[in-house]
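Note that the chains are named A, B and C in the order they appear, and that numbering of residues resets to 1 at the start of each chain.
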């Protein structure tokens, strides 16, 4: 037991002494939360609009006034021909041009939006908003209710994703590197030959990272709640329980990588290529899984963070009970058991 | 003259590495084959359920028009709002449309009854866009006047007529591939020499600082060049997407960016003691610059303080510029500003890379 | 019962046969030496006995337990110090020692008496990070970590590489004390004086046991390998009366600690100058200042006529340097390394190609021109590194412990190369822990506690301190150290 504790202390010292890495580990979630919470939005805002009209009849004028008054659009210019408008858009001076036909008021002809379609989502949103503003659609016809996220803040979507990414990074990447480093430096030989059981070495190595992971998790939750105002709808206990399963899963992945990798460089690249890229790309963190082609959806089915992020979105933001995320929890648990078993079986107690 | 030998050495080392040559070839190919499919933020397959408390012809027409829309997946009627909400909670549905009792009658009587649209807005974009389209359908079905206006509006999407997300993302992918290749590999380079001890041998030779650093930058420049050519060819072969503007401008933009990333990598490498440290610091900056570059979200929607950071973010200039050239077909005139900014920033970084390498402490 | 029994053990890595039908026994409480050149298979043998590797064929027992089947029993009762025993660089000296003590189920207090002789030398640095210690100091700490517990069998794979003669002597005294308490010790070493302290030695070469017997038997039988004839060197024939290195009152301080404390000396053109000192006496720091890697805190110095403070890039054009750590590119071939460094010093392709053939011819390396440097044995690497460092015909070459861990025969070849270079007028500035090598130098200085405590020709020094050989001179002076080092 004394050996075990001194092992943990030693491992913690390695972590704490590397100031720069510590700074990044705790700076990362904070900065990410701030960026996702405040800097990045897909809100329609400051859309640079050009009006193309030859005669300003009263209806056209009213439409333009309405556009200008709305918080979404800024009228930057008024030109005579659609060609001029197009030139402005191509030169990145405008995003949207609205062409009114000369006799717009007479109801015989309509208008045309010329939109910079480079970003399809934004292009569609701009036209939707512009149509709504110009039509002055009777808002009273529809009562819209945005469930769970009334202000449609992207932070709600991303807080669980940040958790999924950082916990994986800390547990899998750092554990694997710390084990491989001992192999590379030759200390592993001494540890293996010592009377300490190999399993104990592994467990002792994992514990500081486990603690670190919980610290980061707590930081994110606190930041989310008090700085970003993301509500914690679900039960805190279950959030921690599911996170624990996920952390264990990440730790066993790290152990597995350390069994395969022979050098720190390889462990780094393996974790970056095998873990980080799929997590960011295929877990539904940034890009919705349902928009992917079926083949990629199947692949994403074996990416563990996908289930964790899904479960956290439901638990934290939607506030559903544990019953609704049972499927995700079962899958995560099964993956954990499998990975842990494989990595412990594959753990080498000799050098070969 | 010494430069020649140093560059030769860097290439030999890259070639001898068991992993790097494969990485340099396979990585961009993988990225180009898979990522355009993944990096798709298109909102589709929104599942809608309807709670019809009215049971009138109007409400049935409403249901029919939802069913007919190819934007939504209609998941049937639910007896109560609670039942529908349950489906949202279990992720079986994304939106619910509730038509109140006597909706049709109130409407003819001149009252202002409202339908309720409840959308799962955890993903804000999805919620907002679904809501907008569903509102449009409701309005068009119920209010013929508005339908009239809508019918008179036509929309012309420039540059990307079919609103293909890949057109938007492929130029951005160039930026990501270059960032990963030219950013991470040099980051590991000098720390690697520090850990191997070879840097000490170099430090006692009369090799000029700039030559040593330049010899490390040039190979990554060439790698970037190679990677871009591969990506452009694949984009044409697989997706049929080609550069709309003059092709040479792509390289005019890419070269300073490659210089920026490799210099940045070397700077971090110079200041780091271990590979792990170097990678973590690099990763931090990569994520930061990527998110604030406008690659995923429009920079103009950012609050002012965040927008201010884009002035020093080379990724922002590159992405702005490459989209103008690649998608909008802009010429040198329209990206002059971006090219100048990129050259300026990368020039400063290259100088810093030379200065931060110390042969004598 | 024997403590170690090895029966017909073989081990191959792919096509390379590391061990080929090796058999020997070691009695309880015996000090057994396993000696042989680099790459002979010693490390594989240790790893098999420590259960880190499985033998390919044959079997072995340690303390009566089989190395394959009874892994846990063996691990509970052996101690092992690998050749590259690595400490945790970010932990302090004290923390490292405590960690390893706890790991082996004991405490520093309990083992203190055993390690006192060596640990007392580094104890004053107990709160310093291990990464900040000099190479020899780290090795001493590693010795302490390995000896802090008292296993029944102790395996030591070249434990004293890079350690100064005084500490090596103390270390072996400690081993003899351990033996008296019944511990079986199996050790390997490139130092002949250490080989002589074993009771029996086995000579391992290319995976085969060539002979087992008392040290004297083995050393006589294989005299051509272990005890090559000395080298004739007509002293001073090339030395000109012109100083190429002049140092006055040179100081390098790290905080309040003066690593180099006011040293002054001069080296003449064409001289072979031995720069000796205990681990951490400040040799490497002084050398770093002379080669322009570090700025001096105060004092002046000129190397090849240039000021070390302001003209270090000029100095670098006129010197060669070979560091403690092997520092050629292991992933380049022999020819590519030579070409790179030739190119760095501004030679052109034709000159490089011509000289490369010349150098390889002299080293008898021509067949290995296109081999990766990483695949060469240590002794070859060192000879190559030396040849590369004088490839551009510098006026001075600095060698920092160039022969650490190399067997006697190879060391002798190395010194032939040094004489060859000196014969061509290159001044050689060399540090070493081998006192027989010190005798080869024209003039030597001995550094103690950051100061030069003696300087002169080997015979002058022996006379002055009334000692029979350099080893005794060194021990006599180093024992006067007050600060133990760094």
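In this section, a contact is a pair of C-beta atoms (placed from the backbone, for glycine too) under 8 Å apart; a residue touches a chain by one contact, two chains touch by 3 or more.
The model shown is predicted, which means the values in this text are computed figures rather than measured ones.
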{"item": "Result of counting contacting C-beta pairs for B-C and A-B, higher pair", "value": "A-B"}
{"item": "Longest centre-to-centre distance from chain B, chain (CA-based)", "value": "C"}
{"item": "Mean-CA-position distance for chain C and chain A (Å)", "value": "53"}
{"item": "Cα-centroid distance, chain A relative to chain B, in whole angstrom", "value": "13"}
{"item": "Inter-chain centre distance, chain B versus chain C - centres from mean C-alpha coordinates, in Å", "value": "54"}
{"item": "Per-residue multi-chain contacts in chain A, two or more chains", "value": "18"}
{"item": "Contact footprint of chain C on chain A as seen in their complex", "value": "2-3, 6-7, 10, 13-14, 17-18, 185-187, 189-197, 349-352"}
{"item": "Residue ranges of chain A in contact with chain B within the complex", "value": "18, 20-21, 24-25, 27-28, 31-32, 35-36, 38-48, 86, 89-92, 95, 107, 109-125, 127-129, 131-132, 134-135, 137-138, 140-150, 152-154, 156-157, 174, 177, 181, 264-266, 268-269, 272, 281-282, 286-288, 290-293, 296, 310, 313-314, 317-318, 320, 324"}
{"item": "Chain A-facing residues of chain C, complex", "value": "47, 50-54, 71-72, 75-76, 78-82, 84-88, 90-91, 95, 98-100, 102-105"}
{"item": "Of chain B, residues touching chain A in the complex", "value": "19, 23, 34-35, 37-45, 85, 88-91, 112, 114-129, 131-136, 138-139, 142-143, 146, 149-161, 163-165, 167-168, 184, 188, 192, 272, 274-277, 279-281, 283-284, 287-288, 291-292, 296-298, 300-303, 305-306, 320, 323-324, 327-330, 333-334"}
{"item": "Touching residues on chain C, where the partner in the complex is chain B", "value": "291-295, 312-314, 316-317, 319, 321, 323, 325-332, 336, 339-346, 348, 372, 398"}
